[in-house]
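Okay, so chain A shows up in both of these, paired with chain B first and chain C after.
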Partner chain A sequence: MLTVVKNIKNQLKVSFLTVKYALIREMINKTTFLTNITFMILNDASFILQWIVLYALKDNVGGYTFNQVLLLWGIAAGTYGFSHFFFESAFNLSDTINNGKLDAFLVQPKNVLISTITMSISASAIGDLAYAYIMLFVFGFTIKNFLLFTLFCFTGSLIIVSIAIILGSLSFWFNKSDVIADTGNSLLTNFATYPDGIFKGITKILFYTILPLGYVAYMPVQILSSFNIKLFILVISITIMFITLAVITFYRGLRRYSSSNLMIART
Partner chain B sequence: MNEKAIIVKNLSKTFRVKEKEKGFKGSIKSIFKTKYREIKAVNDLSFDVDKGEILAFIGPNGAGKSTTIKMLTGILFPDQGTVEVMGIDPKKKRKKLAYEIGTVFGQKEQLWTHLTPYDNFKFFGAIYDIDDYTVEKRIKELKDMFELDEFINTPVRNLSLGQRIRCEIVASLIHKPKILFLDEPTIGLDPVVKENIRTLIKRMNKEYHTTVFLTSHDVGDIEKLCKRIIIVNHGQIVLDDSMENLKYHYLNKKIVEAKMKEKVNLNDEDGITILKDKGYNLKIEVDTTKRSVGDAIKLLNPNNIIDINISNIPLEDIISDIYKRDK
Partner chain C sequence: MRKYLYIFKSEVMTNMQYIFNLLVGFISYFILIFIFLNLWKYIYSDSNELINGYNMNQMIWYVIITEILWMSLGGRKLCRKICEDVRGGNIAYNINKPYSYIGYILSSHLGSVVVKGSIFTILGMLLGLIFLGKFPHLTLFSIIIVLITSLLATIINTLFVIFIGLFSFIIEDANPFWWLYSKVILVFGTLFPIEYFPGIIKTILSYSPIYAVSYGPAKLFVDFSIPNMVNVIIVQIIYLIIIYVLCLLIYRKGVRKLNVNGG
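The block that comes next holds the complex of A and B.
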C-alpha cells in the first residue's frame, strides 16, 4: 500500500514537472504566448454575440435559457481548456505512435500513457480556461457552483481525452488512422456548444453513446441548474468507464507497437 | 564463471509489412485486397553479455540491431524466445528494468531542448525517484567526469552536437544504471568529439563497472571501445568473437603499398593479390599463410622500391567482408 502511495506521489511529481517545463517552453516567446491566450478569449467571446442576437428574438432555444447557454459555453471552454492544457499530446497520439516517439517513455520507470499525454501543453488552452471561469461568474458564482463547475470541466476533459486516446491508439492497428482521430476529436468540439434540445433522434442517441457530449456538457448544465444526485453519479461513472476503456485500448495496442525509426519523408 | 548482465535465448521478432502493386491501379487494388509480407527482423538470436563487458553489436542497416536493442530494453515485445536483463524479463517488468538500464539513442533525443542540461538532469532525477540531495551529488560527479562545467547552464538547443550527446549520456547515467545501451552514440560527430566520447565511455565503464551494449557503424567506436564483437545480418548472428580473435584471424593478410623507381609487371599468384597497379604505385595483398611479406618484397625487387608501407587490413574492410560473405 505504502509503495502504491509512493509511486502515485512520484508519478504526480514527474507529471507536475512535465507540465511546468512544457509551460516554460510555451512562454519562451512572450508575445506569441500572450497573443494566443488573448485571441482564444476573444474567439470564444465572439460566439456569444450570435447568441445575444438570438435570445433578443427568442426566450428559449432548445430548452435552454440564455444563462444556461453561457454555462454551456463555460463548461465546453473549461473542458477544452483543461484537456488541452494538461493533456495536449493525447490529441497527437497517432503521430507519437507512428513516429516511434513512445520509445523514450518506454525506457522510463513511469506510466507510459500518462507520460505520453502530458508531454506538451497548448498556450491557447489558458485562454479557454480563463473564458470558462468568466462564464461561470456571469452565470452565478457560488462556492458550490465553482466546485461543481471545476469538477465537471475536469470530468469532461477526462472523457474527451479518453476518446482521443482510444482514437489515437487505433494507430497501433491501422495505418493512417490519424484522420479518424482528428475527425472524432473535432466532432466533439463542434457540437459541445449547442443546447442539446435542438438535436433529435439518432443525433441525440449519439451524444449519449459514442459522442458522449451528454456527459461532458449537457448533464453538467442540468446538474448545475438544479442538483440531481443520480445524474451526478452517472457523470462520474461514465467518466471512469471511458478512462478504463482508454487505458485498456492503449495497453492492448502497445503490445503491437513497432517503434518505427523516425525519418523525415514526404507522405 | 562470469556473472551475466544479459541472457538472450532464441529471440525472434517478425514485422508485417503491407505490400502494394505499383502505380495508381495498385493503390486501388490494395484498398480491397491488402497483401502483407512478413519480415523476420530478428531470427532465433541467442547470446549473453558479462557484467562489466563492453560489447559491440553491429551489422548493416536492417540487420536487426535496433529491433534487438528495443526488445532488450522493453520497447518492443518479442514474438518468441526469452530475454533476461539483470535477471529481469523486460516484457513482464518494464518499469523495474528501467531503474537498471540507461539508454542513449543517437537519433532520438530525450532532453528538453529549451531547458539547461542541469534542469534536464534534475527532471531525470525525478523520473527515477532520486531525492534532491542525491541527485545534486550525482550531477556534480557526472559533471566533472563528462566535463560539462562550461555549458551545464546553457539551454540544450544552444549546444553543439557533441555537447548534446555528452549530456544525453549523463542524463541516462543519473540513476547509476548497471547497463548502458548506446545506439549509434557518435553518429554525426567530428573525429575529435568522437574520440572524446569514447574516452568518457571507457572511463565510465572502468569507474562504475557499467556494462555497455553498443551498436555503431563507426569502426573506430568498436575498435577503441570493445573487447567483444557480435555481428548480425538478416536477424541472425554471423560472428560472435573477441576483437583479438577477429583481428588475429583476419590479420594474416597484409597490405603492401610500394612506390617504384621503374614499372614492374606483376600478376596475381598464390598468396599475392594485386589490388591496385598504377605503374609506379602498387598495392598488393599478401596472404601470410601462403607467402611471407619478405617474399613479396623480393618479387618487387628491393632495389626498385623508393618507399614502402606495410599495414593490416582495416577493420572496416574485415567487417564489410563478413557482411558480404553472409549475403
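The block that comes next holds the complex of A and C.
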C-alpha cells in the first residue's frame, strides 16, 4: 500500500514538473504568451453578444436564463481550459501513436498514459480558464459555488480527455482514425455551449450516452443553480467510469503498438 | 495574369485529390447548422412569424449561406501559413520570383476555396432542403448574382486574412489578430443578419467589411432585390480596392525591413 502511495506521489510530481517546464517554455516569449491569453479571453467573450441578441428576443432560451447561459459558457471554457492546459497532448494521441512517438514514453520508468497526455500544454488555455472564472463571478461568487465550479470544470475536463484518449486509442487498431478523434472532440466543444433545452429526441439522449455533455456541462449548471446530491454523485461516478474506460482502452491498444524506430530530439 | 491563373488551376487540381478530407470537414458544418436549426426552431414559436423582417426559413438559409462562405475560407490555415512564411524567412524565396507574393497567395488560396466552397455549396443546399423542405424565392438572375457576390466576398475575405498574416512583419505572431477577426465575423456576420443589432451597431455594420464579406451575398440569397444588389456590389468593389492597397502597403513596408539569416 505504501509503495502504491509513493508511486502515485512520484507520478504526480513528475507530471507537475512536466507541466511546469512546458509553461516556462511557453513563457520564453512573454509578448506572444500574454497576447495569446488576452485574445483567448476576448475570443470567448465575443460570444456573449450572440446571447445578448437572442435574449433580446426571448427571456428564456432552452429553459436557461441569461445568467445560466453565462455559467454554461463558464463551465465549457473551464473544462476546455483545464483539459488543454494539463492534457493538451491527449488531443493529439492519434498522431503520437501513428507516428511512433510513443517509443519515448515506453522506456521511461513512469506511467505511459499520464506521461503521454501531459507532455505539452496550450498557453491560450489559461485565457479560457480566466474567462471561466470571470463568468463564475458574473453568475454569483460564493465559496460553495467556487468549489463546485472548480470541481465540475475538472470532472468535465477528465471526461473529455477520457473521450479524447478513447478516440485517439482507435489508432492502435485503425489507420486514419485521427479523423474520427478530431470530429468527436469538435462535436463536444460545439454542443457544450448551447442549452440542452433547445434540442429534442435522440439528440438529447446522445448527450447522456455517447456524447456525455450532460455530465460535462448541463448537470453541473443544474447543480450550481440548485444543489442536488443525486446529480452530484452521478457526475462523479460517470467521470470515474469514463476514466476507467479510457485507461482500459489505451492499455488494450498499447499491446498492439509496434515501434517505428522514429528518431527525434525532444527538447 | 496567366501565371496566377496557372497557380490557381494547380491548386484546384491538388485539392481535388483530397475530396475525402473536405467531406470530413463538412461534418463540423453539419453540426453547426443542426445547432442553429434547433435554436431558431426554439426561438420562432411559429415558422411564419417575422422577427426583424426574417421568417424562420430565411434565418436558417441565411446561416447556411454565411457558414458556407466562412467555413470554405480556411482563414486560420492561411493566416498561420503567412505568419510562418514571414517568421521563418520563407517569404524571402518569393521576393525574387517573377510574381507578387500577395498575388501568389491569393490565387493559390482561391484554388483551394473554390473546391471546398463548391462541395460545401452542394451539400449545404441539400442540407437546407432536407431540413426546411424548400428554397427561398430564387430566379436564375438572382442565383448568378449571389454566386458573383459570393466570389467577391471570398476574395475580399482572403485579402483581409493576408493583411492580418502580413502583420507578422510588425509583431511576431499575428494569429491572435486572426482569432479576433474571425470572432467578429462569426458573431456579427454569420450568426445574425445586421437587422438584428440595435441602432448604432446596425449603422456601423452597414459600413463595415461584414456587409461585403458575409451579409451581402446571404441577404441576396434569402431576400433578393435590385437596390440591395447594387448596394452590395458597390460596397464590395470599394472594400476590394481598400484592402488590396492596404496589403500592398504593409507588404512593401515589411519587405524593406526583412532580415533573413541564410543557412
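The rule is simple: the second predicted complex is superposed on the first by the 260 of 267 C-alpha atoms of A that agree within 3 Å, B and C clash if a C-alpha of one lies under 4 Å from a C-alpha of the other, contacts with A are read in each partner's own complex, and residues count from 1 in each chain.
Rule of thumb we're sticking to: contacts are C-beta pairs under 8 Å (C-beta built on N, C-alpha and C of every residue); 3 or more make two chains touch, one makes a residue touch a chain.
Only a predicted model underlies this, so the values are computations on that prediction, with no experimental measurement involved.
In the superposition on chain A, contact of A:V179 is made with chain C only, not with chain B.
Shared-chain residue A:L49: touches chain C; no touch with chain B. Using the contact criterion defined above for the overlaid structures, shared-chain residue A:S259 touches chain B, although it does not reach chain C.
Of the two partner chains, chain C is the only one that A:F199 touches; chain B does not reach it. When the two structures are aligned on the shared chain, A:N10 is found in touch with chain B, with no touch to chain C. Of the two partner chains, chain B is the only one that A:I28 touches; chain C does not reach it.
In the superposition on chain A, contact is made by A:Q108 with chain B only, not with chain C.
By the touch criterion stated above, A:M40 is placed in contact with chain C alone, chain B being left untouched. Every residue of chain C that touches chain A in the complex is listed here, in rising order: 24, 27-28, 31-32, 34-35, 38-39, 41-43, 51, 171-173, 175-177, 179-180, 183-184, 186-188, 191-192, 196-197.
Residue ranges of chain B in contact with chain A, taken from their complex: 15, 18, 66, 70, 73-77, 94-96, 98-99, 101, 103, 105, 107-108, 110, 112, 114-115, 119, 123, 126-129.
Touching chain B in their complex are the following residues of chain A: 6, 10, 13-14, 17, 21, 24-25, 28, 100-104, 106-110, 175, 255, 257-259, 261-262.
Listing the residues of chain A that touch chain C in their complex gives 29, 31-32, 35-36, 38-40, 42-43, 46-47, 49-50, 53-54, 57-58, 61-62, 179, 183, 186-187, 190-191, 194, 197-200, 203.
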